[in-house]
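Got a structure for you, written out below as structure tokens; questions coming shortly.
Chain IDs A, B, C and D follow the sequence of writing; residue 1 opens each chain.
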């Protein structure tokens, strides 16, 4: 009363004025372009496609164009066209691959549902957030080539999750090999020639036909 | 003669949104949608006698995107990230309310650890929302940004926690039907615990800055009084209702989740004015801190998701459910009608901001423009939720 | 050299005057007066123009630090070029005049406002020899010139053809007229005690020290301290600063009378606000804080204009600090505060000052009585009026369920 | 609180002319509802609010549901004894009937005074075109004011006795009711090169191809 409340407030602001010069708990500003915040591992931005081998990204895509993410995507920003032919995946099994895989990042809301529903660990969330462009139409529509990033990159941004995924995939692969071996043993009478995996065909990246 | 810019080209009718033909000294002012204190694109058509308000009609829908229609065309899971965008300050509680409605609709059990984590996140969200509100309200009262900046500084710390848990600061998309998406690590819990310990001193300082300030007392006390009877009848919920002295908190009334296990008190107002609404929120934050401490202490080990819950191909049986929780702004509820399909047949959001606005005119009549601004601020609206 | 510098009338002290005389000495005798006046005007414009520029930066920096952020720091070293960047921005922005506006008045309002707010600087004694116009009725002139700002603000609000601007104009009129009264009344005791309306003589009346270190400034008397406080509160209101920034209340009236102004006209309003603030602070320094006088005889070797500037900056810092802390009053509370609190207090303070000057001869134990009476005449009405003013509003206790 | 069946019987006793039906909810939430007829709805609502044993003082949630016309196949099985003395035959008779379209308003009532609820009320319109008027419950619960306006705006149900029935979320000049199931959004999208063919096709249709840059010969 009688101005004591006002004086108390003035003391608080004075304390903060002084504190902002020496107390990092008060002065929390980061001078952004020079100092970048440390992103938490869980941070997510836009999805990317994981490939196993950086030298042959299109040939080692994990995506098998099952289109589950396309169906589940709430804002419907994923567009997939299945390939007509098949290519061997990481386990050597012949799989369909996405001939067209596009994400409209102007529509994408970074919800991570595509990642959760993907049974093949083929789509993961990226951490690149400086993605402003001057063309809000074509430049924000990312095609297969722009989306694909190697597994090693995935390890650098989400190390824990990547390790889990790799462990799981290795286990799956081993299980598949075990199974194949068991099957081979069962069919021991007929020495089965191991199916020679077709050489990965380097595909020309089919960019989307952009409308006029 | 050239067509006036105020003429509708198709009908030729004079287009006007604000009347200029009022009798006597009355003046009609359109406050918003472009106004610094309408918390977004909210608009009030205010009839003034001098500076005294004699009529006030809220206009909204500028942010309307038919959220409910979107949800009807999306799977149950697909609506979860959209709920983040309702009240974009409180995505965690929105998630929870929606998850709770679906869990009631499909009868999904939630593991105990997930319930605890939900309580932790809901109370952190309450801290976040009430801190923001206090900052915004002070800004509306004419402070030059200082309380708002302090509030945002602390809010950022909570958002950092949300980010490192869910991956996103505001659009968390964290809760799932039958649990939560990620299990918080021990490191995360330690950070959250530290934040809770540091929050009490921050609240002390924030209160020292303004709660006893004579100008603030004069501005807020006795302004925008709401009676308990009208508050109940008009469906007002949350801190707004409790500021009128009605003891109604769904955390106690419904006792959902694991709330019955915690000891906490419900602060109640007496006058139902702006000051009470502000103070109730400050006191609620202190109670939230108490809940958080208990939740950290009692957090059990175990699964975070019900293993029986399906992520893909989720189709609840025919029926409907209304699930509600005590959000920071009031009762946030979701009404779901299922026809057995993968998408809800009907999905309705009971938005507390929207319904709390019903009594805006009653609160503002007889007050001045300056009061209308702080009354609106004390109602605590987020236009993402009002307009849906 | 040092000995020369220690005398009150050192070279440094006379430097501005010498500089003026050197320039005017080059001209014929008959032009001297005109050239001297022009030089003074240019010096005031340049000095306070620069002060305005850096005051805006200082305000943003200090507000920033108080709010735990750096403030502008990208333009130039530590953001020191920010005011010039702002100036360029204001100059290059489109000047929008609303369709229904009164174009002449809309243009005139900022010009008049700046012109009028500059008038007050003419009679402020910035230093021992530094006063532009030596007027016998300087105090009267200062406040008469200052009153015209109300007209300009009303012109701006009226001419904009905007309902918010109109509301702001009405608020500004009511507020500025109400606060003229306590502002003037809080000055009257100084005039009464000093026995003059001339600013230089008022400063001279505050010269000298008791015991060599307690200056005879008015602020160190009970009525002077009260008068200083009242003057500063009224000055806050007169210069439309927080917590009395009702005319341009951002959260209520968007920008009040400035809503429809853009570009350099908007900058002119800003300039006028800061000029007004500087002029009123300068007046407060002159009337209550001993003007250009040094606080101690030992510090007299520092030139008088430096002391004036230092005192001025401290007061301006106070303005900024208050702005960073306080919420805004409502119009009716503002009026109540002026008429029910400030005006009675200033009137009582006038009586207090009269009593003080009548009892100037009391010595010994009577001196104690004099102080006690004068102090109680300040404190008791403050408490009583303060309690009646804030009756009914107090922090509350809450019940829990 | 009494069960909904008891409540229904009590209402039926108090309002003999009223048609109150218990609408069961098969989901695990078990939030069953009372379907009221339009003529007595407001009187019953007032009773529910004021009855000392119920005191349903808070109408939390008001929403509309659209049930468009639907073809329902009813299967009736009749056992026909075989005239030849064999095992009786089961004859399945399929009748197709058209379930008429209707709009429904749902009110969720709670009692703050007695801490119980929800009691769900449902009101059904005659059809989806011309008989869409229902009594407004705003005079009983003020909280229905904006929510009924919203239902009017999005579903087109007209509430009789509402103090200020205007559009609330859509703008005043808007024609349709967008939450109806058969609402089709106009195709005046802003043109964006999304990879989604139908959107693209629609956009192309709406925005004619840009004029050729070369000046056309007259």
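A few comments on the model shown:
Everything that follows uses one rule, which is that contacts are C-beta pairs under 8 Å (C-beta built on N, C-alpha and C of every residue); 3 or more make two chains touch, one makes a residue touch a chain.
None of these values were measured; they are calculated from a predicted model.
Touch-path distance (fewest steps) from chain B to chain D is 1.
Each chain gets a centre from its C-alpha atoms; the one nearest the centre of all protein C-alpha atoms is B.
For chain B, the chain with the farthest CA centroid is C. With each centre defined as the average position of its C-alpha atoms, the distance from chain A to chain B rounds to 32 Å.
Computed centre separation for the pair chain C/chain D is 66 angstrom, with centres defined by C-alpha atoms.
Chain C has its Cα centroid 44 Å from the Cα centroid of chain B. Averaged C-alpha coordinates put the centre of chain A at 41 Å from the centre of chain D. Listed for chain B are residues 146, 150, 153, 209-217, each touching two or more other chains. In chain D, no residue reaches two or more other chains under the touch definition. In chain C, the residues that reach two or more other chains under the touch definition are 66-69, 324-326, 390, 394.
Put simply, chain B touches chain D in their complex at residues 60-61, 64, 66, 68-69, 104-107, 230, 232-237, 246, 248, 253, 316-324, 331, 333, 335, 337-338, 345-346, 348, 350, 354-355, 357-359, 387-388.
Contact residues of chain C toward chain B in the complex are 63, 66-69, 163-164, 167, 171, 242-243, 245-246, 249-254, 323-333, 390, 392-396, 398-401.
Of all the residues in chain B, the ones that touch chain A in their complex are 70, 74-75, 77-82, 84-85, 146, 150, 153, 156, 160, 163-168, 171, 173, 181-182, 198, 205, 208-217, 311-312. Those residues of chain B that touch chain C in the complex are listed here as 27, 29, 35-37, 48, 51, 138-146, 149-150, 153, 209-219, 221-222, 247, 252, 265-270, 275-276, 279-280, 283, 368-371, 373.
Across the complex, chain A meets chain B through its residues 1-6, 8-9, 11-13, 15-16, 25-26, 28, 40-44, 68, 72-74, 109-113, 116-117, 125.
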